[in-house]
Amino acid sequence: MTQKTMLVISAHSADFVWRAGGAIALYAQRGWNVHVLCLSFGERGESAKMWRQPGMTLEQVKQGRREEAERAAEILGASVSFMDCGDYPLRVDDAALFRIVEVYRTLRPEFVLTHSLKDPYNFDHPLATHLAMEARIIAQAHGHCPEQEVIGAPPVYLFEPHQPEQCEWKPEFFLDISPVWERKRAAFEVMAAQEHLWEYYTRVALQRGVQGVRNSGRKMQYAEAYQCVYPRVSDAF
Amino acid sequence: MTQKTMLVISAHSADFVWRAGGAIALYAQRGWNVHVLCLSFGERGESAKMWRQPGMTLEQVKQGRREEAERAAEILGASVSFMDCGDYPLRVDDAALFRIVEVYRTLRPEFVLTHSLKDPYNFDHPLATHLAMEARIIAQAHGHCPEQEVIGAPPVYLFEPHQPEQCEWKPEFFLDISPVWERKRAAFEVMAAQEHLWEYYTRVALQRGVQGVRNSGRKMQYAEAYQCVYPRVSDAF
Amino acid sequence: MTQKTMLVISAHSADFVWRAGGAIALYAQRGWNVHVLCLSFGERGESAKMWRQPGMTLEQVKQGRREEAERAAEILGASVSFMDCGDYPLRVDDAALFRIVEVYRTLRPEFVLTHSLKDPYNFDHPLATHLAMEARIIAQAHGHCPEQEVIGAPPVYLFEPHQPEQCEWKPEFFLDISPVWERKRAAFEVMAAQEHLWEYYTRVALQRGVQGVRNSGRKMQYAEAYQCVYPRVSDAF
Amino acid sequence: MTQKTMLVISAHSADFVWRAGGAIALYAQRGWNVHVLCLSFGERGESAKMWRQPGMTLEQVKQGRREEAERAAEILGASVSFMDCGDYPLRVDDAALFRIVEVYRTLRPEFVLTHSLKDPYNFDHPLATHLAMEARIIAQAHGHCPEQEVIGAPPVYLFEPHQPEQCEWKPEFFLDISPVWERKRAAFEVMAAQEHLWEYYTRVALQRGVQGVRNSGRKMQYAEAYQCVYPRVSDAF
Amino acid sequence: MTQKTMLVISAHSADFVWRAGGAIALYAQRGWNVHVLCLSFGERGESAKMWRQPGMTLEQVKQGRREEAERAAEILGASVSFMDCGDYPLRVDDAALFRIVEVYRTLRPEFVLTHSLKDPYNFDHPLATHLAMEARIIAQAHGHCPEQEVIGAPPVYLFEPHQPEQCEWKPEFFLDISPVWERKRAAFEVMAAQEHLWEYYTRVALQRGVQGVRNSGRKMQYAEAYQCVYPRVSDAF
Amino acid sequence: MTQKTMLVISAHSADFVWRAGGAIALYAQRGWNVHVLCLSFGERGESAKMWRQPGMTLEQVKQGRREEAERAAEILGASVSFMDCGDYPLRVDDAALFRIVEVYRTLRPEFVLTHSLKDPYNFDHPLATHLAMEARIIAQAHGHCPEQEVIGAPPVYLFEPHQPEQCEWKPEFFLDISPVWERKRAAFEVMAAQEHLWEYYTRVALQRGVQGVRNSGRKMQYAEAYQCVYPRVSDAF
């Protein structure tokens, strides 16, 4: 049987850890191929600690962020690749967009995780979402690289932004990540430059866990919440 | 193993046929106990044809609508009960509300189907939704009839109103009803007083079927669409 | 040829002047039967000036407001009736609701003007809108007083509240009231108790006039703006 | 100098502790008169632990909840009163509404705190908000008990519901409650029947604290978030 | 008397047929000049059938789509022009934008039809809408090609997307297209590559027809629905 | 003590006068450094009167608009600078964006005023808002020009567009500008090319003044209204 694939499209190299680390660990544990595509290293906007070191260069920051992301991905059980498109601001031209299309066509993911549709604190995040959606649409087009096979309609789920209400993001699905929580927390700890976020996102997981129980009666302690872009289709509620 | 239950709360006696007949037939076929609770017979607002007959009385209209609903429910495989709360306007006092609470506590449904949150063409529909949600909340309260066992948190799904966009209703879940379509269509035909709706809701099912395919790649021909009130909780997307 | 009718449902006895006086005067001038139904006299919430007079009684305030409204309606060319349902808070039971239904069935209006859907400064206004819409729906039901003829589907337009953005009200239609502006202004001046509103609503009419020009190129100086509840249907844009 | 007053309108007897305990303690500490008006004791919906005790009666539960609320209010520095309107469902008739109006007219608060505008998990909460707003409007009307002095326009702030995004509630104001955090936490611990909420609302305060820093640069650890019903008016941003 | 003009701005070469074919045929029949501007041929995203033919080239697909569009436009009574801006993704630079401005200034349309403001299934559609609106604004600017005459404020109507609720598109106007339905259907049949859409859009027209009746009482069988970008301005409701 | 700074980012050279002239004059009067950054001169879209003069050139229009803006700024007490990015359409590349970032880093404003988030009549306005927000975010990034000091989190307020409801703009803050009204009005009169706007924006100020009173009881005659992008953070309501 073919191994199934889950694709995570992350604006910066650490986003996938805080926001989707549980989903990644859960599906990796189930034997899926989980791939994380980082559009940038987050080398300008989310590396304050490194930039405070004297003599720091852009290449050193990128390298540092890359290594962290690779270690975190390894802990979670995912592979990771980087597009180095810059951040603050992230800028993606059509050539880069078509490389994302190629990722869709090559990996043929069952579903895709990415950022929120809006974020007034971070314009790279909604841009990443836009690209993830636009590349998915192009990958469905028979006339784009017509020699390749088009993809179907993988669902797109939006992980939780830092300040959810300000981003008009609404949790529509709670994923129980209790079985892999320790792994997600271990991945947090790789992110030495963002230690202030460890406790923040541990609390997010606990709050979403309580809410998950409240919405279902299911026993669970830690959860990740997602918004859904497209309607679900099934033969059962 | 205990038989599972699905509850449909319908403002008028025919709503459940057009809007949730496929879900009812599908779950009945799977051996579930499906119960339809009609808050009114629709004796004033949705019985134009009967009222055009000379000498028609309110009781005759109610009786006619009751019989139709019973026959339709039988075709779909559901039981049906009626609260006779009046329609145009539907009016439900707390005593009636507590009877709905009792239905929740007795049937202990896995999930509930009801109307949309708004409907500028029909104020009975959103009132039914409000009551379905309020009764569910009260049924969760330990202090309401404390000698009874409280219920958990059954999801609530909102079926499609007649003019979806005007009701600010959005399809978030498509249920493939292709296997039971003939049964739903047969139930339509019981509704002799509303023949003009047979083709309308056949087309709705076909359109939602096409959209279901478009959102999933799943092969299907007929669908019912639902909006979700509460977030879904699961260990898988 | 039958005279056409326009119906205005106003929560308090002065609302119709500020908010729909131009529409009333325009259609009256065109020979329509224009009727204003005031649910209350506004005797508690909008009669500050009268209440400051020593020895004032509720009946005197009501009588004063009634006389003002009658004089204003006369200037505008409309008839007016009063339901005396109380205000601050307005409270309407089903018996009163059915009297509004009867107004619909008797007058058979081409269209209806009423308040906004929300108003955080005045809860009587959205209640009036709710009643205007609910009565319209019941008047369409064959089973309500089945011996009477049902009505069709008269459009409902919502006139401008005092603080439009706070009421989530949006202008979707601008009515050029320039030809009858003097008449509307004359009706303002009857409202001696609310002199502070004369200039306010003159400025509203001027601003909407400028916006009307901007959205159409039509030459006009004064306008009233309306939100539309139901979609327009026509054979031309 | 006159002591200023802050009014909290709470659906159930514990809501004010979790949701506004910081604001209460802060203003009490500043010498304000802080009054909490509880519409019900939460005797049915939020007293699961008490109901599990054999032989428990409704009066005992009410008494227990009243005592807890009084102790919590005392810790926070507020006075508290109870209207005993029932819960699950809360039901408030016009006589009770007018008692709330009287509270406004007597206390003449500078501002008011209450629940969110929507809550699909708890219909008592938005009803409390509606009443708080409706009573405020009636208290502004010259014709309601015309012998009393009307109130001005006290701002209304909506405290955080249990599942903010599901309630369409958005934080628009963060109040730094760090100086009184220990007091808020102490009040939590009075609520023995709802121990599971202690940690939940401690985490809420920490998350809002981090977000408060992020939106201002202000040094702070704990915050409460509020939505604003009416626009702010001032001579400075 | 000068012939009036209606302008349709269509992202891909077939969109105008499914979405606005009725409006086009109706106004053409009335003697208007109807012009369709296709930003792309839809050669990549909406030409699956052609691409399945062996040896197919991009130029052949474009030529095929052009011919189909020309035939469909002829049946409907419109002229059509093509900008060949590419699709999946459509990309329009300022030079192309200014060519659209020129179309506005040359044709001076009474009103404009284009796509929805959002579409999560197709990013070319909202881009076309954005361009149609931006070009209209620039065409109003005295300083753009100051030697030309500026245009007025032609209304912009948005035709129905494939999955209306997902696009946050709401029908605000129903156009009765019954008199020209056969012509619209004939134009469908030119689109041999998209046969699966013939029945889909026939059902759309029938559903909108039923809804048109429901909202007006007007006798009609087929309709097209439109959302309105700008408020309507008139001297009559 | 350091002088505090307020920054206004204006799409065209006159916007700041109509929309924020009161705030500018008020803070200038209080001794703040107020700087206005005009992204364009408004030389194409908002200079109709100049373009009607025979032989007018683009440079003359720009020069005329620049002089007007400088005179208006002087009256209001602000400095002004121009980026000359073009208008109708405004186009800003990353080099220009980084110049705005530099303005943030150099001026280190306490807060920022700019346009609305949407405007279907003017696409330059929301683009200016986007740039103001994006530049602010980049100015917060340690990795952007790491040798410079990052900025904090200055609040962003959105001034009133020409047709507020159509722009989905909502007043959340009313600034009392009564003490500086004469100065704002004097600045209007510099804008000789847009005389039709003098009365329009005088009426806007009066309407907002009345609403300011209504929302607070504060005595005031003229106001400017603003929407808030980020939540307010404080130790007092």
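Letters are used for the chains, namely A, B, C, D, E and F, taken in the order the chains are written, and counting of residues starts over at 1 for each.
By our rule, a contact is a pair of C-beta atoms (placed from the backbone, for glycine too) under 8 Å apart; a residue touches a chain by one contact, two chains touch by 3 or more.
Computed from a prediction, not measured in an experiment: that's the story for all the values here.
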- line: By label, the chains that touch subunit A as well as subunit B are D, E
Query: Which contact partners do subunit C and subunit E have in common?
result: B, F
Message: Starting at subunit D, how many touching-chain steps does it take at least to reach subunit E?
response: 2
Message: When contacts are scored as defined above, which chain pair ends up with more C-beta pairs, A-F or C-F?
response: A-F
Message: Using C-alpha centres only, name the chain that sits farthest from subunit E.
response: D
- prompt: Measuring centre to centre with C-alpha atoms, which chain is farthest from subunit A?
  reply: C
Task: Please work out the Cα centroid separation of subunit D and subunit F, and write it as a whole number of Å.
output: 38
Task: Starting from the mean Cα coordinates of subunit A and subunit D, work out the distance between those two points in Å.
output: 38
Message: Quick check on subunit F: which residues sit in contact with 2+ other chains?
response: 121, 166, 171, 211, 214, 230-231
Message: If I apply the definition of touch given earlier, which pairs of chains qualify?
response: A-B, A-D, A-E, A-F, B-C, B-D, B-E, C-D, C-E, C-F, D-F, E-F
Statement: Counting only contacts in the complex, subunit B reaches subunit D at residues 94, 97, 133-134, 137-138, 140-144, 146, 229-231
Query: If you look only at subunit B, which of its residues touch subunit E in the complex?
result: 121, 162-166, 169-171, 199-200, 203-204, 206-207, 210-211, 214
- prompt: Where on subunit F does subunit E make contact in their complex?
  reply: 43-45, 47-48, 51-52, 56, 58, 61, 87-89, 91, 120-123, 166
- request: Can you check the complex and tell me which residues of subunit B touch subunit A?
  value: 23, 26, 111, 152-153, 155, 157, 171-176, 179, 211-212, 214-218, 220, 223, 225-226, 228, 230-237
